[in-house]
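Labels run A, B, C and D following the written order; every chain starts at residue 1.
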Amino acid sequence: MAAASAPTIPSAIHLGDDDLPWIDAAPGTKLKVLLVRETEGLWIIRNRFEPGVTVQTHRHTGPVFGYTVAGAWKYAESPDVNRAGSFLYEPAGSVHTLTVPESNPGITDVWFQMYGSNLNLDAAGRVEAVIDGRLVLDFYLAACAARGLPRPPVLVG
Amino acid sequence: MAAASAPTIPSAIHLGDDDLPWIDAAPGTKLKVLLVRETEGLWIIRNRFEPGVTVQTHRHTGPVFGYTVAGAWKYAESPDVNRAGSFLYEPAGSVHTLTVPESNPGITDVWFQMYGSNLNLDAAGRVEAVIDGRLVLDFYLAACAARGLPRPPVLVG
Amino acid sequence: MAAASAPTIPSAIHLGDDDLPWIDAAPGTKLKVLLVRETEGLWIIRNRFEPGVTVQTHRHTGPVFGYTVAGAWKYAESPDVNRAGSFLYEPAGSVHTLTVPESNPGITDVWFQMYGSNLNLDAAGRVEAVIDGRLVLDFYLAACAARGLPRPPVLVG
Amino acid sequence: MAAASAPTIPSAIHLGDDDLPWIDAAPGTKLKVLLVRETEGLWIIRNRFEPGVTVQTHRHTGPVFGYTVAGAWKYAESPDVNRAGSFLYEPAGSVHTLTVPESNPGITDVWFQMYGSNLNLDAAGRVEAVIDGRLVLDFYLAACAARGLPRPPVLVG
């Protein structure tokens, strides 16, 4: 097996800050979808949250990695506050409720690299909805189209 | 950064065919749990199915890899039959219903390497139960204990 | 985000025991390449080893999972012998030398699910060659073509 | 299998901006190591680069995800410039040479989530050194100790 690998792999694939539009995903919540590798269960998004936002309690079926750029947010289940420069590791199986303080002076900005699905839970802990990369990608592309925007260059593999 | 890595990693970790007991998991279905890495969402099991078994329709939130050792089984949604030597790739997001033909002359034996959760679906496609590595590990350890067996050496990380 | 996921994912993708040809990869060593997901660093192969085979000492940069179907083999660094029904977990960073006993009465048959690269090491521990999924896929496809076989249906993603 | 999962998983694990010290890793290059999951081959670091830094050409054996917080940097092999808000996907097998422009007015700050190893290549493309999570963790812990700092709370699993 002496043959060298063919150079089929690019050196890297870049998405700049302005390459993807922000879309309203929920009241006070904007969304960009950067990468969805559906068959792997991998999806990477970026959110901007206004003060006072809460996200429904959910359980992750795979690990999640959060990189916070600006603002302040926390999980109701923990005292830790994510601020600019915070790194967050969410193990598979973790359950939490994202909250953004009303007292925040500005926008909160976070990248989430997620594996698997978010299982949205009702008050009794039952699965009310399943959010995954495919669903979020479909939503994002449809919302861009509805705004008359060209298809955004989400990395889809 | 010239220092060499410390030799903290074993050369490999082995589980022989008889190192873990078979446990009845459902009618006609035996189970071994080989490895559960809960925070990664990774679980590896081995099943033995008698002829005629059906497993509830489920959706995977991560990819699954199936290695068939003996027998015959298929997904109701596909014509392909898994036999000794079959390899099966199940992408994240795949939905299927495992069936083992009544006409099989003997046992069907399969390893499944699974990432994420199995979302068991009712007839309307709603999530009825969430099966993951932690749940299956807890079941397996409890069943071994209930049979008076020593704690099996499942690889847990 | 109420839209349902589009049904773009197949229920599973099957490769039967005879769907891929065996190719001579080294003296006493036959190879099938089942799946290569190059950008993930994932590759799944199946090997058949005659008695007496040794594979160069190598280090894995990702985890590996071995499923043994027949025969007997071991790593020189460990007393454990893999036989039919053995499961082997090789953590990222593990280093080992695969050996197949001369005394084996028949063929040894193993599936390996591998992440990352194999770094082949010389006697001084220096990296002599890097083996990865792309390289092995290129070798396998070229060897099939050289034998006049049609392009095998390796799962490439 | 009706038993509920035990609540063994934390809701998340947080590292704030000031929880880990910056260490000099090379001229003009500071380093924090946030997470090392050695057996998975996963490591997450953060770098701060002064203007003019170049990192040796290397090949990745697994995928890498880059999140840029400040400054500007690029790979010599591509025209794209990573700035604040850039996301970079580096597939397994990618080869590149990180450069930070001399003309940058300030510090460049990037998180890298990496799977597998970095194979540092000499001018002829031979592997000169293998950099992985374990090696970088050992370096980081030793450097902290040498500076008289307490053991930093790197997430090690």
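Convention: contacts are C-beta pairs under 8 Å (C-beta built on N, C-alpha and C of every residue); 3 or more make two chains touch, one makes a residue touch a chain.
Keep in mind that what you see is a predicted model, and the values were worked out from it rather than measured.
**Student:** I want to compare two interfaces, A-D and A-B. Which one has more contacting C-beta pairs?
**Tutor:** A-D
**Student:** What whole-number Å value describes the gap between the mean CA coordinates of chain A and chain B?
**Tutor:** 29
**Student:** Measuring from the mean C-alpha position of chain B to the mean C-alpha position of chain D, what distance in angstrom results?
**Tutor:** Taking the average C-alpha coordinate of chain B and of chain D, the gap between them is 34 Å.
**Student:** How far is the middle of chain A from the middle of chain D, if each middle is the mean of its Cα atoms, in Å?
**Tutor:** So the centre of chain A lies 21 Å away from the centre of chain D.
**Student:** In chain B, which residues are in touch with two or more of the other chains?
**Tutor:** 5, 8-9, 38-40, 91-93, 132, 134 - these are the residues of chain B that touch more than one other chain.
**Student:** Line, ring, star, complete or other: which one describes how these chains touch?
**Tutor:** Its topology is that of a complete graph.
**Student:** Mind listing the chain A positions that touch chain C in their complex?
**Tutor:** 1, 3-6, 8-9, 25-26, 37-40, 131-132, 134-136, 138-139, 142, 157
**Student:** Hey, which residues of chain B end up touching chain C in the complex?
**Tutor:** Chain B residues touching chain C: 5, 8-18, 34-35, 44, 46, 65-67, 69, 75, 77-78, 80-96, 111, 113, 155.
**Student:** Which of the residues in chain B end up touching chain A in this complex?
**Tutor:** For this pair, the touching residues of chain B are 38-41, 59, 61-63, 91-93, 115-117, 119, 127, 130, 132, 134.
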